[in-house]
Amino acid sequence: MRFAFSEEQRLFQEALAGMLAEQCPPEAVAEAWNGDSGRIPGLWAKLAEMGVVGLSVPEAHGGLGLDQLDWVLLLQEAGRAALPEPLLETSAVAAPLLSELGGELANEWLPRIAAGEAVVALGLDPAPWVADAHEADLFLLQAGDEIHALSPQEVRATAQPSVDGARRLFRVEWEPSERTRAAAGEGGRELLALTLDRAALGAAAQLVGLARAMLDRSVDYAKKREQFGQAIGAFQAVKHQLSDALLQIEFARPLVAHAAYTLVHDWYTRSRDVSTAKARASDAALQCAKTALQCHGAIGYSFEYPLHLWMKRSWSLAAAHGDAAWHRSRLAKLLLD
Amino acid sequence: MRFAFSEEQRLFQEALAGMLAEQCPPEAVAEAWNGDSGRIPGLWAKLAEMGVVGLSVPEAHGGLGLDQLDWVLLLQEAGRAALPEPLLETSAVAAPLLSELGGELANEWLPRIAAGEAVVALGLDPAPWVADAHEADLFLLQAGDEIHALSPQEVRATAQPSVDGARRLFRVEWEPSERTRAAAGEGGRELLALTLDRAALGAAAQLVGLARAMLDRSVDYAKKREQFGQAIGAFQAVKHQLSDALLQIEFARPLVAHAAYTLVHDWYTRSRDVSTAKARASDAALQCAKTALQCHGAIGYSFEYPLHLWMKRSWSLAAAHGDAAWHRSRLAKLLLD
Amino acid sequence: MDLTYTAQEEAFRAEARAWLEAHVPRDLPPLDSEEGFPLHLEWEKKLFAERWAVVSWPREYGGREASIIEWLIFEEEYYRAGGPQRATQNGIFLLAPTVFDFGTREQQERILPRMAAAEELWCQGWSEPGSGSDLASLSSRAERVEGGWRLHGQKTWCTRGTFSDKLFGLFRSDPDSERHRGLTYLLVDLKAEGVSVRPVDKLDGDEGFAEVFFDGAFVPDEDVLGEPGEGWRIAMATTGSERGLTLRSPGRFMATALRLIELYRRYRETCDPRLRERVVQAWTDAEAYRVYTLESVTRIMDDAPVGSDSSLMKLHWSEMDVRLHETALELIGPHAELDGTAPEAVDGGRWMKGYQFALSGPIYAGTNEIQRNVIAERILGLPRR
Amino acid sequence: MDLTYTAQEEAFRAEARAWLEAHVPRDLPPLDSEEGFPLHLEWEKKLFAERWAVVSWPREYGGREASIIEWLIFEEEYYRAGGPQRATQNGIFLLAPTVFDFGTREQQERILPRMAAAEELWCQGWSEPGSGSDLASLSSRAERVEGGWRLHGQKTWCTRGTFSDKLFGLFRSDPDSERHRGLTYLLVDLKAEGVSVRPVDKLDGDEGFAEVFFDGAFVPDEDVLGEPGEGWRIAMATTGSERGLTLRSPGRFMATALRLIELYRRYRETCDPRLRERVVQAWTDAEAYRVYTLESVTRIMDDAPVGSDSSLMKLHWSEMDVRLHETALELIGPHAELDGTAPEAVDGGRWMKGYQFALSGPIYAGTNEIQRNVIAERILGLPRR
C-alpha cells in the first residue's frame, strides 16, 4: 500500500507546469477564446514535442505508452492553466481508445496523434455535444453499443457555442454504417464504458486543477486587497470561505488519483471510483468558482480580469461527461440497488 | 392589504409571555420532563383560567371563540417557553375539530376543554404516533377518510418515548366501529385535511418560537462568553452563524401568519401555504438548534444547561404532523403536477 | 390582518396587466449591449408616456401617485408579463429617493422628469479602486472653486456608465477629513470637460461597467445634493427606508420562480428526481420573500421604523436568486453551458445569463459579508469587536 | 502508487476479522452509563488479553507492533464487526502518543500496559470553565512543593471523568506566566486527597462528563510528563503527527456509511426520493476520508511533514458524521425522535443517539471555527489579523 505519485510523475508535472506558466498565461487563454480556433497558436506542437500529446500512444506508434495514472497530475496542470487545447479528448481519451480498437484505425491515427498532427472528436453518451468538431481529423462516435469512426466529410456539425470559449461544442449529425463501425456488441459496450470512465476521470482531474487555481488566485488577492484598514484575508468570513474551498479540493484530489489507479488496474470498483471522483471534483470546482468570485468582489466580475475564464471552464467541465448528479445517480445504482 | 396582528392579539401574546416567564422557566420544564405526566403541576389550570386553553372553544361552550390567526402568536410563545402542555393538540386542533363535528360530541367535550378539565389525543396521518395518550380523556382517531371518537377504555396505548420528554408519544391500537364513527366520506375527508393543516400550522408556530428562543439564548451567551480576550460574539464566524439563524427565522415567521390567515379564510391556497410554513419553520428550527449548540460549545452539550430541552423539542416538532420533506412533497404535488 | 386587496388595488392591477400584456417587448437583446440599449430606451420612453415608468411618483413628475401596495402590484405585473430589466433603474431606484428627500424643489423639477422619461440616464459612482465594501475609504476629491467644485480622482464599477449621461456619487470635499466625514454628494455631467469614461466588460462579456476618471471636471453648486460635507448621511438615509425595497421587488423573483416551474414541467421526465424538491424550495424562497415584504410594507405604512430589514432582505434575495438559477441550470443539464447564440440554447440562454447576473448579487450593494455583520451588530446587538 | 495490500497485511486482516467476528459483543448499553461501563471494561480486557487492544504498540506493552497500514486495517475490521466505542480511547489515543514521545522509560513501563489493559482509565483535563477553545488561557495552577506539585483550580468537560482513575492535563506552574508559557503537563490521580469529581450529564442524558476540582492535591515529580514549564509544546507536539489520525479512523465512518446504506434499503419504498442521493453523498464522504487517509499515511511512512492535515481531517470527519446521521434520521422519519427505550425505536435508537454524539464533533478537540482559522492561516497563509 503506497498512495503517492512517483518522482518521475512529479517531475513531468513540474515540467508541464513550467511550460504552461510560460506558454499559457491568462492573456493567451483569453486571446485563444476570442480566436477562430479557440487555441493558442503553436502550443499543441510544443505539447506534442514534450510528449504530453502522445502520452498514451504506445511507444511503437511514437508515443510514451503511459496510462491514466500518468495523466492525473498532467491534467490537473492543464486545468490549473485553463489550457485551451484538446488534450482531454484527443490525448487522454481517444488515443487509448484507438489503441484498444487496434488495426488500421490505430496504425493510421496513433502516430499522427503523437506527432500533434491529428485531433480526434468524441461523441459519447451522456454528452449531447461533440467537442472540437471544427478542427477534428477523425470522429469517434457512439451509436448505442457501437463505436463508429468517421471522417469530417461524413458528419454535419452545427456549432453550439459554450460560455467556455475554448470548449468548442457541436451538435453532430451522422449516419452509422457497416463501413464506419469500429466496435459493436459486448466489446463495444465494454470499450464505451471504459472510455466514458476515462473521459469523466480526465475532466475530474482538470476540475481539481481549475479549483486549485481559483483558490490560489483568491488567496493571493485576499492577502493584498485591503478594506477597512486590513487585508480582506484577515477577516474570518473570508478565511472560512477559503478554508472550505480547500477542504473541498483536498478531499476530491486523492479520489481522482485513486480512481485512476483502479481504472488502470481494472478493479471491479472502477466505475464507482470514477463517479465518486467526478462528482466530488465537479462540486469542488463549482464551489471554488463561487467562493473565488465572492472573495474577489467586483474585480472578479469584470471581463478584463481572468477569473471568469477559470469559472466558465469549471462550469463547462463540471457538466462534461456526466455532471455530478449524473454520476451520483450512477453511484446510486452501483451502491444501493 | 394589511399584514399585522391587532393590538389585542399582541396584548394577549404579551400576557401569555409574561405568565410563562414566571410559571414555565427552564427548571420547571426540565422537572416536567422527568415527571410522570410530563407536565408542570397546575399550569394547565392557569392557562385555562387565562382563556388560552379554550381559545378556540365557541363562547357558547365557555371559550373565547377565536381562530387560528389568534393562535399564531400564542403558540409562538408556547414554543419559546418550550411549554410542556398539550396546548397544540387539545386546544388548537381538537377544539375546533370538535366544533366542526358538532352534536353530542361538541356539547360534551368543548365545555370540559375550555375549563381545562379534558385532554384530547389525536391520531392523524401521516404521524404514526398519538401524543398525550397517557392523560387523554378522549381520542379522536383517523381511519382512512373517517374520524372516530373513542374513550381511553376503548384503545390500547403503548408508550413510545421521544427524546422530547414532554411529548409523550404512543402507538395506539383500536377498532373502528359504527358506534365510534364521528365523520366519514367527503365530510370526513375535508375535516381531516383541515385538521391536518391546523396541526401542521400549530407546530410551525411553535417551531418559530423555539427557534427564536434558541437564537436569543445564543446571542446572550455570545455576548458574555469570552475567549481569546474578547466576547465570542465579536468573532465574525459567530456573528455570521447567528445572522443566518435570524434570516431563517425571519423568513419563516411571516409565512406562519400568512398560512393562518388563508386557513381561517379558507382560501384555495390554504394547504399550499401551510406546507410552505411548516417546511420552512421546521428547517429554521433545526438550523437554529445546530447553530445554538455550536455557538454555546460544550456548555450547550451538557444536560444541566437547558438548551437541549429546546433542541429536542425542535427535533420532535419538526417531525410532527409532517416533516419538512413531507410538506415539500405535498407542495410539489400542488405546484408542479 | 387583512390580506385581501381593495377594489381600487384590484382595478389598478387589471389596468397594469392589460397594458403590460399588450406592450411589453419580447426578446430584447441585453440592456448592457450596443444593440440592446436603444431598444430598451425606447421601451422606457413608452412606459413614461403612459405613466407606467414611475407609478409611485407624483403626477407632476410623470407618476400616478400609486400607494406602496400598488407599486408592489405593478412590479408583480411587470415581471409576470416578462418586462425587461429597467434601463432607468439606477436613477429611479437609487438616486430619486435621495432627490425626493434632500433635493431642492428646483433640483427635483430639473432632474426627476427627465430621469423617469429616460432622457437623462444616471449611473452610480460609489466604488473606487481602493474602496469597495469599505465605501468610507474613498479618496476622489472635490476641490472648492468659485461657484462650484472641481473633481479629481476615479470611480469604478459604474454600472452602464458608458451608456449614461450623468453620475451621482460621493466625493471628498474636505481634504483633511477622514472616513465618513467631509464627503459631498454630487451630481456630475459625464459629458463635461475633464471627465472620461472607459468601458469595463462584465463576466458575461456585455459592456456593463465603466471606469470614470475626473481630471478637474467642474460641477456647479446647483448640482450638490443636500449640504456639502453631509454626503455620507445623505447617501445612507434612504437605505433601509421604504425605498430600500424598490430595487428588488418580490414580483421579479416570483416571476422567475414561476418560470422555473415551467422549466421543470418541460424537463421533469429526464431530470434528476431530486430537482423536484429543489424547484419547490426555490418557489418557497420567492413566496417567503413576497410574504415578508407584505409585512415590511405594512410597517412602513404604519410609519414604524424598518431598521435593518433591508440587510435581511438583501441576503435573502441575493442568495435566493443564485439558488433559483442553479436549480434551473441543473434542470437543463448539458444545455446549461450553452451561450445565448447557440441554436440549442434553452430559452435563449437566459438561465446562464441570469446565473451570471445573480452571482453579482452577493457582491454589490454591500457584500453579503457586510450585511451579515450589520445584522449581527445592529439587529442582534453583538459587539463590533 | 500501489494500492494493493501485501500478503502480510491481508493475513493480518483475516486474523483480525475472524477474531472480531467471534468476539465483538452485541448491543452493549452505552459506555457512559452505570450499567454499560463494566461491560465495556470487560471487553477492553478481552481485547488486551488477545493483543488486539493496541495493535500498533510494542509487544512489551501489549501490542503487536503493527504498521500504520495494519492499524488502519484493524480499525476497519473493528467497526465493520460492530465493535463499540473504546473505553480506553482517551488514554490510548490522546495520552499514549505523548508518553511514547516525552515520557521516561519508567513512566512508559508504569503507565502504558495498565492503560492498555484498562486497569487504569484516563480522562483528559484540558478545558476549564473559562478556557474552552482558548486553551492557553487556562488558570488551574500547580504550586511547587517538596518532591512535587500541589494543584488548585478546576477542570471541566473531562470525558468519562467519573469512571476514570487518572487525569492528564496542563497546569500553570509559573504563576507569573501568561498564555502558552509556564504550563506543566501533569498526570493526576483522581483518587488522591484534594481531588473531587462531580458528574455532568451529556445532552443525551448519559453521564458523560465530569468537573474535577483540585484543592491542594499533591502530584509527585514522577508524574510530570516532560520538562516542567514545557507543557504547551509537549501537548501540541502530537497533534498533527501520525497520532493525529488515531482517534478518528476511516473505518468507523465507512462502517456507519454502510449501515446507512442498509437502512436505506429497508426504507427505500417509503422514504423521500431525494434521500437516495443523500445516502450516496454520505458514502462518498466516507470514501473520500478513507482515500485521503491513505494518502496521508503514505506521507507519514515517507517521514514527510503531515502539517495541518489534521485540521482538514477534523473538519471533514466531524461534518460528515453530522450529515451521515441527519440522513439516517430523515430516512426513518417519524421514528427518528424515539428514544432507545421505545419499543419501535429503529436499531435501538442508535441513529438519534449517534446524531447527538455527532453534534459534539464540531465542538470538541478544537471547534471547527478554530480549525478553519488554522487552515486559513497555516496552510493558506492568510494574515492572522
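When the chains are written out, they are named A, B, C and D in that same order, and each has its own residue count from 1.
We take it that a residue touches a chain if its C-beta (ideal position, glycine included) is under 8 Å from a C-beta of that chain, and two chains touch if they have at least 3 such contacts.
Please read all numbers here as calculations on a predicted model, not as lab measurements.
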Point to revise | Pair sharing more residue contacts (C-beta pairs) when B-D is set against A-D | key: A-D
Exercise for review: Name the chain whose C-alpha centroid is most distant from the C-alpha centroid of chain A.
Suggested key: B
Exercise for review: Could you put a whole-Å number on the gap between the CA centroids of chain A and chain B?
Suggested key: 53
Point to revise | Averaged-CA centre spacing for the pair chain D and chain A, given as whole angstrom | key: 40
Review point. Where in chain B do residues touch two or more other chains at once?
Key: 235-238, 240, 325, 329
Check your understanding: Among the residues of chain D, which ones contact at least 2 other chains?
Key -> 272, 274, 276-277, 369, 372
Practice item. Spell out the residues on chain B that touch chain A in their complex, using ranges where they run on. Key: 235-237, 240
Check your understanding: What part of chain A is in contact with chain C in the complex they form?
Key -> 126-129, 158-164, 167, 169, 171, 226-228, 235, 237-238, 290, 293-294, 297-298, 301-304, 308, 311-312, 315-316, 319, 323, 325-326, 329
Check your understanding: For chain C, which residues count as touching chain D in their complex?
Key -> 272-274, 276-277
Study note, to complete from the structure: chain B contacts chain C in the complex at 1-6, 69, 215, 219, 222-223, 230-231, 233-234, 236, 238-240, 242-244, 246-247, 250-252, 254-255, 257-258, 261-262, 265, 276, 279-280, 325, 328-329, 331-332, 335-336
Study note, to complete from the structure: Within the complex, chain B is touched by chain D residues 127, 130-134, 137, 156-157, 200-205, 209, 272, 274-275, 322, 330, 333-339, 341-345, 352, 359-360, 362-364, 367-369, 372
